[in-house]
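Got some structures for you, see below.
There are two complexes below, and they share chain A, which is joined by chain B in the first and by chain C in the second.
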Partner chain A sequence: MLETVKLSKTFKEKKAVEEIELYLHAGESVGLLGPNGAGKSTTISMISSLMKPTSGDVKLDGKSIIKNPSEIRKVLGVVPQEIALYEELSAYENLKFFGKIYHVAKEVLENRIQEVLEMVGLKDRQKELVKTFSGGMKRRVNIAAALLHKPKILILDEPTVGIDPQSRNHILETVRKLNEMHGTTILYTSHYMKEVEQLCNRVYIMDHGRVVASGTKTELLSILSTEDTIQIQLSKKSDSLLNTIKAIEHVRRVDETTQGIRIISKKGSNILSDLVHAAEKEGIQIIHFQMEVPSLEDVFLHLTGKTLRD
Partner chain B sequence: MGSFIKKDLLVFWRDRKEVLLSLLLPIVLIAVLNIALSGLFNSDEDSINIHVGIVEEDNSSIGMEQFEEALNQLNISQVEQEAALKQAQMLDPSKTVRDFFNNPELQDWLHTQNISETEAIKLVEEGELDAFVKIPEGFTYEVLSSIIFDEEADVGLTIHADEQSTELTTLQNMVNNFVDSVNLQFALGTSAGTDSLEQLLPQGGSEIMEGVEMYSFSQYITIAMSALFSLFIAQTVAMKTVTEKRERVFNRIILADSHPLQFLIGKTFATFCLSLLQITLTFTVSQLLFDIFPDKSMQFWLGILIIFTLFALSIAGLSALFTSISLNLRDENAISGIFTAIIMGMAVLGGSFAPIQSLPAVLQKIGEWTPNGLTQTVLLEWIQFTNPSDLIIPIIVLIGFFIVCLAIGMSIFPTRGRN
Partner chain C sequence: MNPVFMAQWMKDKRKPYLVLLFIGLSIIATLIFGNVDSMGRTTVPVFSSETGDVKVEEKWVQLLNNHDSFEFVVMDEEKAREQVKEGKSDVALRVMENDYRLVTASEMPIVHLIEQHVLQVFTEEAHLAAVAGDIDTIDLRNEVEEYMDSPPIKVQTQSLNGGDISNYDMGMQLLFAFTLFVAMFTIGFKVNGITADKVSGVWNRLILSPVSKTKMYVGHLLYSFCVGFIQISLVFLIFNYIIGYDLGNLAMILTIAAFFALSMVSVAMLITGVVKTPEQFYMVYPSIIPIIPVVSGVYMLPGTITSPILQFIGDIFPLSHGVEAMIDVALFNAGWNDILLPIAFMMLIGVLAMGIGINMVERRK
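Let's turn to the complex of A and B:
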């Protein structure tokens, strides 16, 4: 129902988003994953008609929304990355204001406000001013405000950044319910792999303004089916050993991690003996050795050379 | 629309610091200035003594002769000529003025002396005289012909002084009342057919020397402070927009697909309410505390309310413009800098810090066209003359200012959150 065609945005010199192609089918829950600065928020701003693309198009049911954004604004709920609320007003007053400007009919608005407050679990705190809320509570009101007009598509831009685990679980649960019980189409942006794995049927991975991979979890994992990931711990740090390992046949990448060294090599290439030899030569012992079952995190690392939390 | 207005008023109201600052600070300032300075100006109001020099340069018999000659030139019947002459002799403008100043009822506190102009100037400078009234050469003839031939007179009574004082204000009010009552008498006393007799002493019937005004210091302070703080309201409301933008609420408003006008009108109307509330409150409280405008009529207060309403409207227009500007610029400091510069410029030019007359002529002219300067000028005129026709042009200008600001504001209003 929603798709982008070669969507690009350039700020002055900087290419923030380059030829992004993504689509959302009705009822799907899709993740948009990428490290900070990947261009996720910029992409979302363009999709939601807040920002004009430098080039490319956004289509809703096949019709471009660039010229006439009203259509998409009607069916879209956006939860921005920042808290977009009046701090001086109470949760209830905020929702009332946003409900009115979203043209929610007077007769149903009151009920609807209570409904969304219930959903985000803040019904009993609605009279309190937003500025007195914790970060997590603010985020929840921030979501509630996007739900008032019962949007068909809900876009959430990193809705769980910097909040307590309880609020976070609540939010994830809310999003899951919206998708499963109300059939709301979800585009969920995050740089937490776990959340996306938990919530989404499909994932786009973005880096440096581009989509570097996409698909279901199994599809993404199969990217790694040609590779083994080996984690080793050494008795001593050594740059020359690192270089020796890199030179071993079939080794594709070597990265230093907090635990030691991560080696990605061609699947089935047995490099263990080569590794042991190399270490012995340098007089270093391998304390710990582990073949890893690949996770999406590894896919991401493989694609970008970065861990998500960088 | 209603929801926008409600939201803006609510947001303002919740910011207690802002509310206190906007509503109470002007009152506090007026109170402080009044108390601090009242001693300087009103210490001996009860035992007022006015020393006035009368400088008569007019020779009434020559004037009368000139007038008779002029009558002869006219193509009217002998009977009419004689009637006009008789009327003129009865009128004798110079004598009327002299009689007025020598009225025995006024002698207790109005002390007049006939002197020459050079001497009068000297005595005024030395402070011996509060002011002198000059009956200029040709006064008799000019006044008579202005009445009877319906011509524009170009000389009139002038009051000369070189500093503001309660005495001077009293004198000026007296002369104005005198002129008005003579005009009225004459208008009532003449037969129908001559319908343009409004002014016995037209144009400059009383003239004021530079730097001297006919209103009190308290009145000036009250008006200037009220106008100044209203300007700040436009800025306050517009800066709330900056917050709305920073906090991304504005994006949400855009996503709701509200018409830009609603947002702008919401701001505009909220500003209108706030500045009207503020200026009315300031005036009312100052009036109750200090009786700044004693013994004024209902008409006077009604006029004040009308001026306030229009001034608040122009401030609302300004806030619409400010709002759009703030939505177009990214840098918050630049935005608040621009607003402060505009407001301070308007405040200085509009005479919020010192009477507009103390500025160079060019700036004075510009200042009179700022909404606050215009309002201030009109209010001060209104205090002195309470003449409804004085309000018409300022009303039009203030409405015009509002419309122009709102139109510019609308035309530069962004339809997307960021570009």
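Let's turn to the complex of A and C:
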């Protein structure tokens, strides 16, 4: 339904997006995951025709949208990263304004406003000014404003950044319903792995303007199928022990974490006895030992060498 | 109705304070600074440097006291200076045999008016003295006046429509100047709504919607125009019907106001093209705007600014043309033809500034 072909954007010298290839089938829910500055918002701006790509193309049903953006604008709903609302107006007035802007027919607009307010759970507070809302409520109105014209494709740019868990759950639930009950195709951008795992059929992982991996959750996890992740906790911190562990055969990575040390080693290589040996030599005890079931977070770490939160 | 226009109105409907405040400001400023005639005669203390040179003092006071609005009163130097220091008088006058000095601590427009009057009297006297040679100028003056009653050639000065030239009404000029000046702020702050929309992301939402770009700009700019025009009109109507100024042909005055508001919307749009955020606009705009009336000379008597460079800079902005046209209508009974040129200037400024401004805003992305 929607795809990008070698989509690239360069700001002056800075390559923000490089040859991104995405596709969305009708009815799918796809995640776009990456740390801050990965190029997610830039990609979305190009897909939604707000920004011209430096090179590459965006196609809707096989037709390029670059020259003729009106087709995609008709079927697209975009929830921007920022709160794009008039804060001095009430939630209701904002929706009425955007409804008129989106040419929602007069006869149905009133009903539609109430429908979307119901969806985001703000029906009873619609008369209040947006500026008096909490961050989470503002984000919900921000989403509602993109739903008025019943878009076939909904693109959300980090809709849950910095909000309370209750609003976050509400938003996730709303998006899930839109996808499952209304058949809306979703492109969901986030730097929270959990949300994307929960919500999306497929995931693209972006870093430094490139897609570094993509696929379903199982596919992504299979990247790690050749590795074990071991988490240990030591009685004492020691740099020399860290180096000794790094030198153990089959160990691929050693990272210090808040809980202790994380070791990634070749799958099935039993390094436990080597570990115990090394620790004993340094006079350090292993307090806690755990083989971890790999998560997408680990996939990300494996691919980029950093955690999503930095 | 254009929904962008309506949204701006909805925003302001809850908070009309800015416009109300500016209307109040225009009225108060005009009443305070423009009281040249309405507050009766202004007293100017006169003293001579050589104490007790009564003859010199009396001669000049007699000549000076032919003006409706000023009363020149002889005082001793100490008292005169004290009056100025304490603000009881805006200006005192020190006279010498053939020269004078103004003593003042104020930049009020009335000081310029007095200065002009005094200068005129002294220059006239100097001319007469030069012609008279040794003869007493008073005799010569009488002779000249007699002669002028039946001159061989009669030159008649007429206003545009043939009536007598009335006394120049500085209060009226200041009313126009202040009102248009304050409206420049209102208009600018409203046009700034475009930048605010861009930064908040509302503008992107509009771009993605079926609404055309033209409608987006028209919604914002038309709204800014309306607010500015209504503000100006309200102040003028209040002065005309309540405070008792006679603005002359109101339809013409309001037409000029409309063209002024239009071209000022464009100038604000041009400045919008230069700044990146609404906050920057709030810094840049109020530091540029107050310079305009000063270089345009609208706080001073016409003809005070003689530097061609300053005159040119003043003419770049709509203010000088607007005030000029309004004065022509209110004081000199100008007809539609007479105000066509200033209106054309304002239109030209408007078209150019709007073209450049929108271009810059669009290219920014």
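Quick note on the criterion: the second predicted complex is superposed on the first by the 310 of 310 C-alpha atoms of A that agree within 3 Å, B and C clash if a C-alpha of one lies under 4 Å from a C-alpha of the other, contacts with A are read in each partner's own complex, and residues count from 1 in each chain.
Here is the rule we use: contacts are C-beta pairs under 8 Å (C-beta built on N, C-alpha and C of every residue); 3 or more make two chains touch, one makes a residue touch a chain.
Everything numeric in this text was worked out from a predicted model, so none of it was measured.
*Asks:* Going by the contact rule set out at the top, does A:Met137 touch chain B (first), chain C (second), both, or neither?
*Replies:* Neither partner.
*Asks:* Identify the partner contact of A:Ser48: answer first if only chain B is touched, second if only chain C is, both if each is, neither if none is.
*Replies:* So A:Ser48 meets both chain B and chain C here.
*Asks:* Could you look at A:Ile65 and tell me whether it touches chain B, chain C, both or neither (first, second, both, neither)?
*Replies:* The answer is neither, since A:Ile65 touches no partner chain.
*Asks:* So in the superposed three-chain picture, is A:Val251 touching just chain B, just chain C, both, or none of them (first/second/both/neither)?
*Replies:* In the superposition, A:Val251 touches no partner, neither chain B nor chain C.
*Asks:* From the superposed pair, tell me which chain A residues show up as contacts to chain B and also as contacts to chain C.
*Replies:* Looking at chain A, the two contact sets intersect at 48-51, 70, 73-74, 76, 78, 80, 82-89, 93, 97-98, 100-103, 145.
*Asks:* Write out the stretch or stretches of chain A touching chain B in their complex.
*Replies:* 45, 48-52, 69-70, 73-74, 76, 78, 80, 82-89, 93, 96-98, 100-103, 129, 145, 149
*Asks:* Using the touch definition up top, name the residues of chain B that touch chain A in the complex.
*Replies:* 3-4, 6-7, 10-11, 14-15, 244, 247-249, 251-258, 262, 416-419
*Asks:* Quick check on the complex: what are the chain C residues that touch chain A?
*Replies:* Touch residues, chain C against chain A: 3-4, 6-7, 10-11, 14-15, 200-202, 204-211, 365.
*Asks:* Within their complex, state which residues of chain A touch chain C.
*Replies:* Residues of chain A touching chain C: 48-51, 70, 73-74, 76, 78, 80-89, 93, 97-98, 100-103, 145-146.
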